[in-house]
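Shared chain: subunit A. Partners: subunit B in the first complex, subunit C in the second.
Then we have the complex of A and B:
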């Protein structure tokens, strides 16, 4: 292989492929390396939510809204069917207490320019009839959407390749190369490769490459277990979350450790994919790098799904899987240069927002590659 | 969730491999459970109305369903517990999650033997989704188990043993077989099976394929075409047969989902049907509690499946300390010798080499310090 590039991107998930695409589009000579394959890690083991109303107002929501705008034309731009569906989303509240929590968030989101409405259950069921009648209601946002993450990563990778990027799956980066205090390339199982910039887009695995430099990235793997149903006729009109998801994400202190659902961080996340299967998630657990599903996790997710959508009780589950979300303490991704280590650009730590933020992450990170 | 029962050995799949494994394990004192998702045990054996080949020890001359009955009787005598209509939907280390007659239960196992078999391959061509196009195994189940003839005029795609045997059984059941179609330049299955259907006047068309199936809502005719040297259809050669049913006998793929879920190491063997769990000569996978036997370890036939089952059953019992090493070695050597016989001859050679490759891979990865192979 040619041993000099302008930009090396490590990681072939939605973040790495997005960075590779936008960098190549900006005219850079890009090499993307992944030890496995495109979307073989977290991006191949998650749902496809592009959800605005789960984001905290501030930089988080701003980035998400910019990303949502990029998504509207992305399939045409990449010339690839990424199964983007601007279906709108609902966050379900089981109780008055949860509705109040949503109300507080919605007030701030409205100020930031995101239109979210809180609908009582009778009204919510008019557009989402399978919701249980005894729920409190749901927050509705027309800007929420969904996409197929595997196709998204493929679309970015193939478009990047057409712009001259080299996409090299099966190449494992063992270490960053440093010269005169600057990161100048990578050491791989197939030799060294040099570049002006190295982008670390390896998600939950990102800290490993930095620890030799005495930098401890605060990214921890958080496991999410997801159930897949048999393909079904269209039955959901929106992507659906429940307020438990937001509580697990933003107010973990509110969780009851004696309750299995709370202990496993289960919050509902349901979408119907383009070919009809439902993806039903998810747990949010710290279990190291273990990517296996657990019986307790699967049962808790299934029970909660039945609580919110009773019609799912008779649906066949054909498969389960788990993925590792890159969790950060403040819920925000780590983007941009690293202090004390010039030449290295971070693009990792998106936890459950990687899909929503992938396009804007690629675009913003490409701006650092001057 | 019902509280879990505990067994020394749990076998998944009550076909020839699974039953044979359970019998050997139970005979050596293991408390053994066999779980099968079907409501009848025996796997494919009860569809097999033809006589088996081989030597006396391999029950040559005995029909498949009689072998099935013998295995069931023997399993009952040894005290093997059998759960039917019970789907193992998950392996969580040594705990199995089972939907037993619609209820969720868990079972704890000292050792697990996966004998899940294989599933039929499908092939796509224009019209292949029309009602009347079905797997050869499905046809065999309908005629031999349920006694229903799914059509009258058949075309069979694939001339391996499954395609040839099912054609003969279709004729015994009163159907007409218009042709066996084989894309390869020669017949895939045993000469003895091919000769039987040729004597009955059925053409076996090699170098030929189905170019499309035509019909309004169901199969009404089948268009055949000759394959050129480039492997492409020669449009000049197309001719139409007035068939109402098409059988697909285009190979089998090991049913490996539970092994993937358990997380053992895999190996790709095109000759044996695809991705399959890497295993050693005791049928042990890379996980110290997980054994495999039968078609899940590579598609062969029922006699070999039973022998692999016996090997796994003995080895699993040995690993639980239920028999002395010397006794185990002698028992296993006898089984291995019989397996070698089954894999000899011109038809066994390819399988023997493919199996040897699996053991070589296992040894190699074991030396490189793979997951947890026993020394």
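Then we have the complex of A and C:
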């Protein structure tokens, strides 16, 4: 390997590949390293919601809306089918109480310029007929969309490569190299590599590389378990979330600890992929770095799915998987330079929004690499 | 009853009766005369410049091959009207054997193309690489194709089938073609999981039970590793498909 680059990106998930792409597009000589492969981490074990109405109004929603705008032309720009579908999304409310919670969020979202509408169940079922008739209703947003995260990472990586970036799977970064107080490269299993900037896009694994410098990044893995159905004819018109998802995410104090679904943080998230399978998720649990699925977890997800979409009862589940969300205490990613460690740029901690935020993250981080 | 008279192809027992011993094939190319019907026919006898084939005065006798006289020149292949003579050669590599046979179909394969090696009845045996396609004058219009196959299949592969690009689905559930899998391996996917990430192969109904081995083999072929060294994918519940209802269980809570 040539041992001097302008930018080293560590991590080949949606975030690292996006950074590599936008940096290469800005004319930088980029090397991307992943100890596994493109999308071997969380980005290969998640849903593909680009959902706006789940974001807290403020910087979170602003970023998401800028990202959504980039998504509209991304497939053409990357010249790669990322299975982007601007299908719109619904957040289902089971009860009056949940509807009120949504109502509060919607008022603030409207101020931020996002159009969300609260539909009573009869109206919601006109466009999403499989919803249970005894739900309260759903919040609908036309700006929500979906994408295939694995193809997204592949698309970014291949486009970056065409722009001259080196994409090197199978290279593990063991440590950051420091010289005169500045991060100047990385030590890998295959030798040292130097660069003007090092971007840490290693998701849930990001803290490891910083602890030798006495910096404790507040990123913790939060597991999500997902069920995959057999391929089915088109049966869902939107990406679907339920309000529990938002409660689990923003108001965990509202959860009932005697309820197993609540305890496992189950918030329904259902999408139909381009080839027909439904992805039904998911739990939100702190279980360390364990990527196994559990019987309790998949049972709870299945029960919740049956409650919201009773028509799915007979559908066959062919697989389950789990991924680790890079959780941060405030739900916002850690982006940009690190105080006291020039040369290092962070791009990690996107929790459950990394897919939605990938394009804007890459674009913003590339701006720091001047 | 199974055999050439009923099926038009040699039964396993009939075929085995004419195999040269493996040691002979390890020494170099040798003819395999899969002629087991006593019909009045003897062009092979004259075809051999080394006198290795003998039918004798009674031309309904089966030809006998002298394994020591046979030089493996392959001339007899083109002279047998029954397309019953083949050549095997196990001397060129530790793992692969060459199998040579007459091939009368068009289009012809190209050297280095990967084709399906098939048995006497046309059933798929293994992927095989085309080493040579001989259409020279002494071949009298019938091309002689040489394939490289894994050694254990040298007694099974007796013809080939072209693989139309994009048409062989390694992963039938997700309709992922062998070409796509090879492409993914060339782009850097060196494990079954990596191939799955790029192509979806193995994500379908069978959950990789059918295609996993095929994918490992393609990776092995492309990278020169042994299939045993290719990392298997992770398996997670459920191993057999279950309905959502069954997974959800009876009641909605503990």
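To be clear about the criterion, the second predicted complex is superposed on the first by the 370 of 370 C-alpha atoms of A that agree within 3 Å, B and C clash if a C-alpha of one lies under 4 Å from a C-alpha of the other, contacts with A are read in each partner's own complex, and residues count from 1 in each chain.
The rule we apply is simple: a contact is a pair of C-beta atoms (placed from the backbone, for glycine too) under 8 Å apart; a residue touches a chain by one contact, two chains touch by 3 or more.
On a predicted model such as this, the values are computed, not experimentally measured, just so you know.
Visitor: Subunit B versus subunit C on the shared subunit A, clash or fit?
Guide: Aligned through their shared chain, the two binders clash on subunit A.
Visitor: Of the two partner chains, subunit B (first) and subunit C (second), which one does A:314 touch, if any: first, second, both, or neither?
Guide: Once the two structures are laid over each other on A, A:314 reaches subunit C alone.
Visitor: Please indicate which partner A:169 is in contact with in the superposed arrangement: first for subunit B, second for subunit C, both, or neither.
Guide: Second partner only, subunit C.
Visitor: For subunit A, which side has the bigger count of touched residues, subunit B or subunit C?
Guide: After superposing on chain A, more of subunit A is contacted by C.
Visitor: So in the superposed three-chain picture, is A:292 touching just subunit B, just subunit C, both, or none of them (first/second/both/neither)?
Guide: The answer is both, since A:292 touches subunit B and subunit C.
Visitor: For A:237, is the partner it touches subunit B (first), subunit C (second), both, or none of the two (neither)?
Guide: After superposition on chain A, A:237 lies in contact with neither partner.
Visitor: Identify which of the listed stretches of subunit B (185-193, 293-301, 311-319 or 365-373) has C-alpha atoms clashing with subunit C after the superposition.
Guide: That would be 185-193, the one stretch with clashes.
Visitor: Between subunit B and subunit C, which residues of subunit A are contacted by each of them?
Guide: Looking at subunit A, the two contact sets intersect at 292-293, 295, 298-299, 317, 320.
Visitor: Along subunit A, where are the residues that touch subunit B in the complex?
Guide: 292-295, 298-299, 317, 320
Visitor: Would you pull the subunit C residues touching subunit A in the complex into a rising list?
Guide: Touching subunit A from subunit C are residues 173-174, 187-191, 193-194, 197-198, 200, 203-205, 207, 236-238, 241-245, 247-249, 252-254.
Visitor: For the complex, which residues does subunit A have touching subunit C?
Guide: Touching subunit C from subunit A are residues 37-40, 44, 150, 154, 158, 167, 169-170, 227-231, 259-261, 275, 277, 280, 292-293, 295, 298-299, 302-303, 305-307, 312-322.
Visitor: Along subunit B, where are the residues that touch subunit A in the complex?
Guide: 1, 89-90, 92, 95, 97, 104, 106, 261, 263
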